[in-house]
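Two complexes are shown next, each including chain A; its partner changes from chain B in the first to chain C in the second.
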Partner chain A sequence: MKRLVWILGILLIFLAFATGQAYAQQPTPSDDQVNAIASQLFCPVCENTPLDVCPTEACQQWRELIRQMLAQGKSEADIKQYFVDHYGARVLSEPPATGLNWLVYIVPPAAFLVGVFLLYLAFRTWKQSRPASVIADTPMQPEWKTIPESGSSPKTTDSTEENDEYIARLEEELRKQS
Partner chain B sequence: MDQTRQTTSVPVRRPLPFRAQLLVWSALLFLLIILGLSVARSRNTILGVGSKVPEFSLTFMDGYNFGSAKAVKLSDLRGKVVLVNFWATWCTPCQSEAAALETAWRSSQPSGQVVFLGVDYVDTDTEARAYLAEFDISYPNGPDLQTRISQLFNRNLGVPETYLIDQQGILRSIQIVPFQSVGQIQPLIDPCSREINSWT
Partner chain C sequence: MLANFGFGILVVTFLLALFGAGAAIYGYFRKKDRWVESGRRAVLLTFPLVTLATLSLVYLLATGHFELRYVYSVTSNDMPLYLKVTALWGGQEGSLLFWSWLLSAFASAVMLRRWDRDREFLPWVAAVTAITLAFFLSLSLFFENPFVSWWQTSSGQVASMIRPAGASPLIPTDGAGLNPLLRHPGMIIHPPMLYLGFVSFVIPFAFAIAALVTGRTDDRWIRLTRRWTLWGWLFLTCGLVLGMWWAYDVLGWGGYWSWDPVEIAALMPWLVATPFLHTVMIQEKRGMFKQLNMILIILTYNLVIFGTFLTRSGVLSSVHAFAESALGPMFFVFIGITLIASVSLLIRRWNDLKSETAFASTSMFSREALFLLAALLFAGILIVCFWGILFPLISEIFTNQQITVGPPFYKRAVGPLFGALMLLMGVAPLSAWTYGTLKTIGRAAWKPAIPVVIVPVVLAIFGYRNVFALIGFTLIAFVICVTLYEFGRGIVARGRSAGENAILALWHLVGRNRRRYGGYIIHLSMAMMGLAIIGIELFQTTTQQSLATGDSMQIAGYSLRFDSLSQFPYVDGRTVTRAVMSVYKNGQYLGQFYPRYDMFPDDQPMTIPAIRSTLSDDLYIVLVDWEGISASEAPFKVYDNPLVSWLWLGSFVFIFGTLVAAWPDKELSVAPVIVHSAYKASVAD
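Entry: the complex of A and B
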């Protein structure tokens, strides 16, 4: 009986160590886990190449470094910060919104808004200007400028446009043609 | 009176409102200023032979020091000839010159007038330590953190590159290909060393 107790005791101690070791080990991070972070970083040497697809030996080393840091329990933010500390903010696919980097976030939406505003102004201007047309034997619509064939002076209901130099030139051209 | 009439509409060109014009021109001016500033900044960083090398600081890797210091500033080395070598573990040509640099360092060390600084350009710590151990590099080495030092030298061509700075902090020589032998390094260091000996 004593012998059985001894054997069970040794087995229990062995099992305790075995499970302890298993809990202490971190599982090896997969390629997908490594690439999820690497895709947010750029190769510091070969510019404009994301780290997850970069084929160089240096990039392979950096991906391995990410794997090691993940295995050590480092978070995504920790790893990105490590890369910024060592290689500069230029390795980030999304630059931090500090200093002149703000322009990256401000200029495109501002340019878009300015574009929309200009388009609005342009459409409003086009709407106010009338399409060129020639209407024969139709009653004159009050808001349209009219130019008689005979070449007499124009009759228009829009007093603001009467003195338009452009209209005067157009009339002159039409008079010459007739 | 002829009742037949032609009715012609005339497009009226209206200029953009003043506020809109002001907005567009201000935005363009702002972008031009930013562009100009960045161009001026990049021009300022081009460092040629005869230029004064801006101040920089190098923090050494574990196991390296200068005297008892774990970091060094260029201004601390005034009065000495400084050889700054940029290298990386992923750079094969760097390996071909590593032994020659170490030999030149050991031969110039007794004079105390020449300092070699190894700057590890965008690398990983583990591989860098292995590289230094493999080539038995004993002169002070440190990482180029955030590529600050290489940006000062406007070093964008690749590694290895070696810069020789004289006792007054003036850039004397730029080597953009690996040294093939100690014989190529020694003549670069010697004239500068002789110069300081004649001054003192």
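Entry: the complex of A and C
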């Protein structure tokens, strides 16, 4: 019995909360509720300005419109659709994925994959060993090859980390330590 | 009078730049050094000349010569002198002249260097800089002339360089004034930095073209332009960060970056220049990636011009604006010609640019491979940006439908790529050249990786459950640990070998390899900026409420009480509405803050936020004009922006790191002599 009272009590509190919130929403939707939708829309007249931060008078009226529509119980999708119908797809922060607009979503990943493929090809050629004669045969301007820039070590074909004298010494010190 | 003088000077400079390019190229092909020298001097002379023209315009701006259309459109009597002067870059015509001026400065400076060892580069460096300069000067001369005056004719007012028949001069008593958003201290420094960044990349490009034409395709051009590129990169990055700060400080939308096409236009050259700075190191060290480096520098140059085109031609607002202004097609043609010319040169030299080193033994986890991977990731970000800007134009052309490609698109695409770059920034410094394997990386990385493991655990215990944030913070911690570990390792090693104390060891360590350790400092700064970006992107909270006087609102532990509101006119004609808010955090009084709403005479409003910055978060208060502000009730929008201060702190560390890497060598005065004899010896062989 005692338990039932408890459960009923908790249920009542929940109910009070839920209805209270529902009632609070009905008369005037809060600024935050309006902004939540406005931030997903772009001002139909200004360039690249989200509707929630646009300071112009026109945008104030649009935000007021969102508030009214919310008060009428319209959903987020309804409101967005209303703006698209009246002002075109440019009010959306991203184009709807229809028709030509598909390209906006497909091209970047496709291009990136092409890049990955090219990189893969490059790595593959790296792995295949090439005869040293190929390198020796490539025409070069020998007179330019031997000029070292001030402060840098001359370049050799098999330069590795050990080649950098300073780094080598540093590495050696570290090895002694451990 | 002075306007005519300025215009005349521009005409002369334009012709001189054309002559310089022509003489240098003629001299190169006919092997007549006198012509090359003549071309060099012509380019050298452009700087003092464009300076004269620019100073004329600055004088006219500062003294309020409103009979000039440009002066009229960007200044007014009530503006302070510093804004009148900086209005030089406050509008289209002035910006282009300013661009030309900076370019002439760089072109002249590079002409002054010692050319004796690289004489064959000279004609083409002179020609490329002179042609670019001539192009920008032609825009000022024929399309966007800053020296055009107002005239009163019988049929109305006209703006023209030459007095129309029967017209009388028209001298307005006051100007229209600068766009209110530009009346900010950021105006002094942000555009020049960005333009400097843009312009300085013309120099490495010119050397690259010279290398391609002359066939001297070793890494000489890279060594010569290394510092130009670094300085340019420094300016560009500073320009970008200053733009962010300006937007954050003045626009009142709670953020610093809105993925606006103009912002992206400035970011794109950076996205190519950054991997370029890395891959040139590999060309210097191993003779690899010559083709890639050429591609990157050509892209950087064209993106610089493209960025200027995007922001200056009006094409972004609508494709139709492109056709209205003659500027758009001019840029289009210039970009086309330079791109085709440089790419065909590149193709001609493609085989000469094959790597000198056999790739055979280069492993997939070597530093070379990781740098190449980083370049790919940057390219990915570039593609997203480029396509995001371009697609609305394509859509308008083909379907006549205007669409927006906004922040959600970019964030989704770019977020993981930046995350992967962060990972590489941690791994690459530990990887070995050429022979690196997963094993060697693991062996090098386990020590600095230990403290990193704690980060996600601690964050999770403290209730952070956002997966992206956990990954991001962990990656950042990894970069920081690796970088500090690298410093620590070097200090200990030096301390042992030379018996130095830690500070002296650090000093010598950095001094011995400033490029390397300057780069590490830059990595640290990027990690700091990454903190801010994660903070604001993933943890920003905001709320908006109308408050009656004496009422309070709450956000993120702060309580803000609306005390009072006042309205007063300001000297420059705007009406300032200023609210006073008392802010408390967890019951502790923090002080009063004053968000403002300024209305300018031309009905342009501006919301100026009140910001309280700490290392952990920014409280960002905006007085918004929704249902109208009154003394008894006003609407406030408040943001809590976690960690955003680290963006500005990181930028200072960034500047420091770049200066460490780019500062001229002390022994430079001695070095040429030694090198010169070595060179002679090698030729004698």
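Just so we're on the same page, the second predicted complex is superposed on the first by the 102 of 178 C-alpha atoms of A that agree within 3 Å, B and C clash if a C-alpha of one lies under 4 Å from a C-alpha of the other, contacts with A are read in each partner's own complex, and residues count from 1 in each chain.
To be clear about the criterion, a residue touches a chain if its C-beta (ideal position, glycine included) is under 8 Å from a C-beta of that chain, and two chains touch if they have at least 3 such contacts.
Predicted, not measured: the structure shown is a model, and the values here were computed from it.
In the superposition on chain A, contact of A:Thr125 is made with both chain B and chain C.
By the document's definition of touching, both partners, chain B and chain C, reach A:Leu100. Once chain A of one complex is fitted onto chain A of the other, the partner contacts of A:Gly88 extend to both chain B and chain C. Of the two partners chain B and chain C, more residues of chain A are touched by C. Legend: residue contacts after superposition of the two complexes on their common chain; A:Arg63 is shown touching chain C, with no touch to chain B. Contacts of A:Gly115 after superposition on the shared chain: chain C is touched, whereas chain B is not.
Applying the stated touch rule to the two superposed structures, the overlap between the chain B and chain C interfaces on chain A comprises residues 56, 88-89, 100, 103, 107, 111, 125, 128-130, 132, 134-135, 138, 140-141, 144-150, 161, 166, 170, 174. Residue ranges on chain A touching chain B, taken from their complex, read 44-45, 56-58, 61-62, 64-65, 84-89, 100, 103, 107, 110-111, 114, 117-118, 121, 125, 128-138, 140-141, 144-150, 161, 164, 166-167, 170, 174. Every residue of chain B that touches chain A in the complex is listed here, in rising order: 2-14, 16-17, 20, 23-24, 27, 31, 34, 88-90, 122-124, 126-127, 143, 145-148. Taken in their complex, chain A has these residues touching chain C: 30-32, 35, 42, 47-48, 50, 53, 55-56, 60, 63, 88-95, 99-101, 103-104, 107-108, 111-112, 115-116, 119, 122-123, 125-130, 132, 134-135, 138-141, 143-152, 155, 157-161, 166, 169-170, 173-174, 176-177. Taken together, the chain C residues at the contact with chain A in this complex read 117, 215-216, 218-220, 223, 251-254, 258, 260-261, 284-287, 316-317, 352, 354, 356-364, 369, 372-373, 376, 379-380, 383-384, 387-388, 391, 394-395, 398-399, 401-409, 413, 432-435, 489-490, 492-494, 496-497, 512-513, 542-546, 605-607, 624-626, 635, 637, 665, 667-668, 671-672, 674-675, 678-679, 682-683.
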